[in-house]
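Below you'll find the structure I mean.
Chain nomenclature is as follows: A, B and C, assigned in order of appearance, with residue numbering initiated at 1 for each chain independently.
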């Protein structure tokens, strides 16, 4: 036991830092190479204010990291700040009074004016008070195409979803997997939601996910989407991979022609030294006219703390994360888009610039994370992955089940 | 199941080691063992060759082919360079924390469980079987279900976020299987031995330390294998019930292999997994010396 | 310690009672308390945080009308039976092979046991690769000229659970082997000598003499395997994520997914209550038979 006490004492000694700096532990799930580099930008900016960022990285997103964060907060030993996705994941923690409101910082820093799109700040607002800082935007609505795969099949690279579907048989003939799709259910649902927004339009998307209108979900407009999803599942047949990046890799190596995945897929193309436009093509909004993107992404929440020094440091951190310089530095490394419109991103690559242009045009819409509960999302995930893997389920059947889920959604 | 052992062979299984190395029996025996070992080692082989390849080679290549150009960079990166957030010191960061967690947790959980098993098999009291029944039932409770109740429990006794809290959690979750292990082992030890010790005037603790414990080496090895593996590889309890300055190595492992929206480096993932598995591996190899025969039998005679 | 021998009801066996305090506390507060807590909250509509807002049986109604739950139970039944049988048989055969006074026993044992030491997040990925039709075993065998060879267990809804079983046995049988080996090493050498003198063939000695003597070890092993089966989760997540579709879902994954991903604690607790109920139905009669009246095993 003596040894243990000695070890504990030693570690406490090593962990000690400069006396006047306030340590603030920040938990998050940004752990891959690019993500770590991005976090470093936050930490650098925060440390420059004389405080100290204590990193609490825990990989695995929602299902791994969330019980840990919730335990820490409810166990009475909260961290200084924690990541959640935009949307409703932290709603109950706010309701339970465990999170502090940031109204003063928000007012002093004019968040209402600088945060773009405005819906992001709305997502952080609960009963008129602001509880989180949105830090980035990840958009789902992309179709990534392999130029080499289309060249091999002697086809021009398609410009939209319909052209791509029409190319399906020719691609198969050339021995190319038309659509790469990982088996995990969130990827299937992502593709399906992309089809709703790109082919069905903004109004249909909002009727379904915002108004939870079961009639519309069972109606003819959605029937078209299910037809398109039927095409997609045929094109995805034979895509025997699990992870999204394995699917992206099929596109990079021209084994597959296309993948519909969020903007984070771009990191894989970059690491493989591929150039947008030359080696691969990116179509925002699946190449349909008047594309919209959803504003998913990450927010930082601040649990209530009893230590006034730490509470003050929380305000500093919130301020720093939204400063223009930090926003640019963080998002360029992360491969996501900044949450304020007044920053210079001339160094962004071509695909990201397309995304920024859409953002600038105001063609943004809330992501499903912000509109429906995680419970409903899980039910849709289960349905979609069944539909995409079991050809005996007809589009009609699937639509009926989908409408039932929407009817009871919250 | 006995078909794997050459039936009807007059060769004695328990005698001295046969002189002739290439008897039919030996060829069958070692042939079977090598074949089975090859099956068990195949995924390890894939992991090792993958960990020695560069990423471009992994993207293109055959998973079974040996590396064209061997690189140890993934191993170095996994151990000392992989970044998670700010900290770019790879797995090495959590190594000593893991040791600090594993050693006392293994020792205490085995101590508690062996005493439990001893009391349950040889010193039964009213209700002891009921508690044991509850423990066996506890082995089947998915532990994630108990996360929040245990948070509340530890918070109320003031141990939430401490090393001792975590040691208690490991002892609790190890208790059902380990107690079962020891109870059934002690239960199979010849009763005369216990009675003889009682006649000699030895009490509860005397019999435990002087008679039972020395005889239970093989089962202690199994208990150690179970606990070292489970606790060394534990990730969830380590992060839920402690603080970042106590996080075990598996937190880094998880951070290296389990990111969702980032580029995946399979070679580093494999190297990190193999490195993390080294400590249990060493324990398996070294503890094997304790798998000896006849402790119990010898004691009966003596 | 004479008081243990002088029977005064309460003080009788006092040392044993004192020594059992940690066990009694764990059994009562954690396992019984935790179970009651879970059952209680399964009647609420708790989402992210547990809260006592009762909704009657509606979590159970929803549970039993969810296709995924039904599939999960079927999978658990198939996987459970096969895993139990194969784990016991393979584990015992391996232990018997190692018990033949072989050379390099330590090396072989370590190889068989090593899979148990490796985190399944990554070994699951390796099995994904090996079982992948495009670059795993199927690809290799087709490359040898058998172009019709099909082996895609993870991508075929009908057989995916067997693909999971292959990896599960690979990971778990090493431990079973060790348990069996410890049991075999506890058998008196005299028994073998006597059997040999009587001219009983080795396989008969194993089946009719050794295995019955190892009954306690088999019971321990059975509980370890069975509890592992009921809690089966990591393997599925790492290998298939429950897919293709929902064809390899299992109950424990349903529980965790609803508790933590879907943030619907009530639904997760309802599912785990059903699991625990099933376990109790099996364990209580067994415990009754096992302990009922008998003094020592």
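What we mean here is this: a contact is a pair of C-beta atoms (placed from the backbone, for glycine too) under 8 Å apart; a residue touches a chain by one contact, two chains touch by 3 or more.
These numbers were taken from a predicted model, which means no experiment stands behind them.
The chain with its Cα centre farthest from the Cα centre of chain C is A.
The interface with the greater count of contacting C-beta pairs, when B-C is set against A-C, is B-C. Centre-to-centre separation between chain A and chain C, using Cα means, comes to 36 Å. Each chain gets one centre point, the mean of its Cα atoms, and the points for chain B and chain C are 15 Å apart. Multi-chain contact residues of chain C (touching two or more other chains): 256, 259-260. Across the assembly, chain A contributes 67, 74 as residues in contact with two or more other chains. Residues of chain B in contact with at least two other chains: 144, 148, 254, 257-258. Those residues of chain C that touch chain A in the complex are listed here as 47-49, 67-68, 128, 132-134, 152, 154-155, 157, 240-247, 256-264, 267. Residues of chain B that touch chain C in their complex: 1-5, 7-9, 12-15, 17, 29-30, 32-33, 36-37, 39-44, 46-47, 50, 62-64, 112, 115-116, 118-121, 123-125, 128-129, 131-146, 148-150, 153, 171-172, 175-177, 179-181, 184-185, 187-188, 191, 198, 203-206, 218-219, 221-222, 225-226, 229, 232-233, 250, 253-254, 257-258, 266, 269-270, 272-274, 276-277, 280-281, 284-285, 288-289, 291-294, 296-297, 300. On the chain A side of its complex with chain B, the touching residues are 4, 7-8, 11-12, 15, 25, 28-37, 39-40, 43, 53-61, 64, 67-68, 71-72, 74-77, 138, 243, 245, 249, 252-253, 262, 264, 267-268, 271-272. Residues 1, 4-5, 12-13, 15-17, 19-20, 22-24, 26-35, 37-38, 50, 89, 92-94, 96-103, 105-106, 108-119, 121-123, 125-127, 129-130, 135-136, 139-140, 170, 174-175, 178-179, 181-182, 185-190, 192-193, 196, 201-203, 206-207, 213, 216-217, 219-220, 223-224, 226-227, 230-231, 233, 252, 255-256, 259-260, 268-269, 272, 275-276, 279-280, 283-284, 287, 291, 295-297 of chain C are the ones that touch chain B when the two sit in their complex. Per the touch definition, chain A reaches chain C in the complex via residues 62-63, 66-67, 70, 74, 89, 91-93, 96, 183-185, 240-242, 373-375, 377-379, 382, 385-390.
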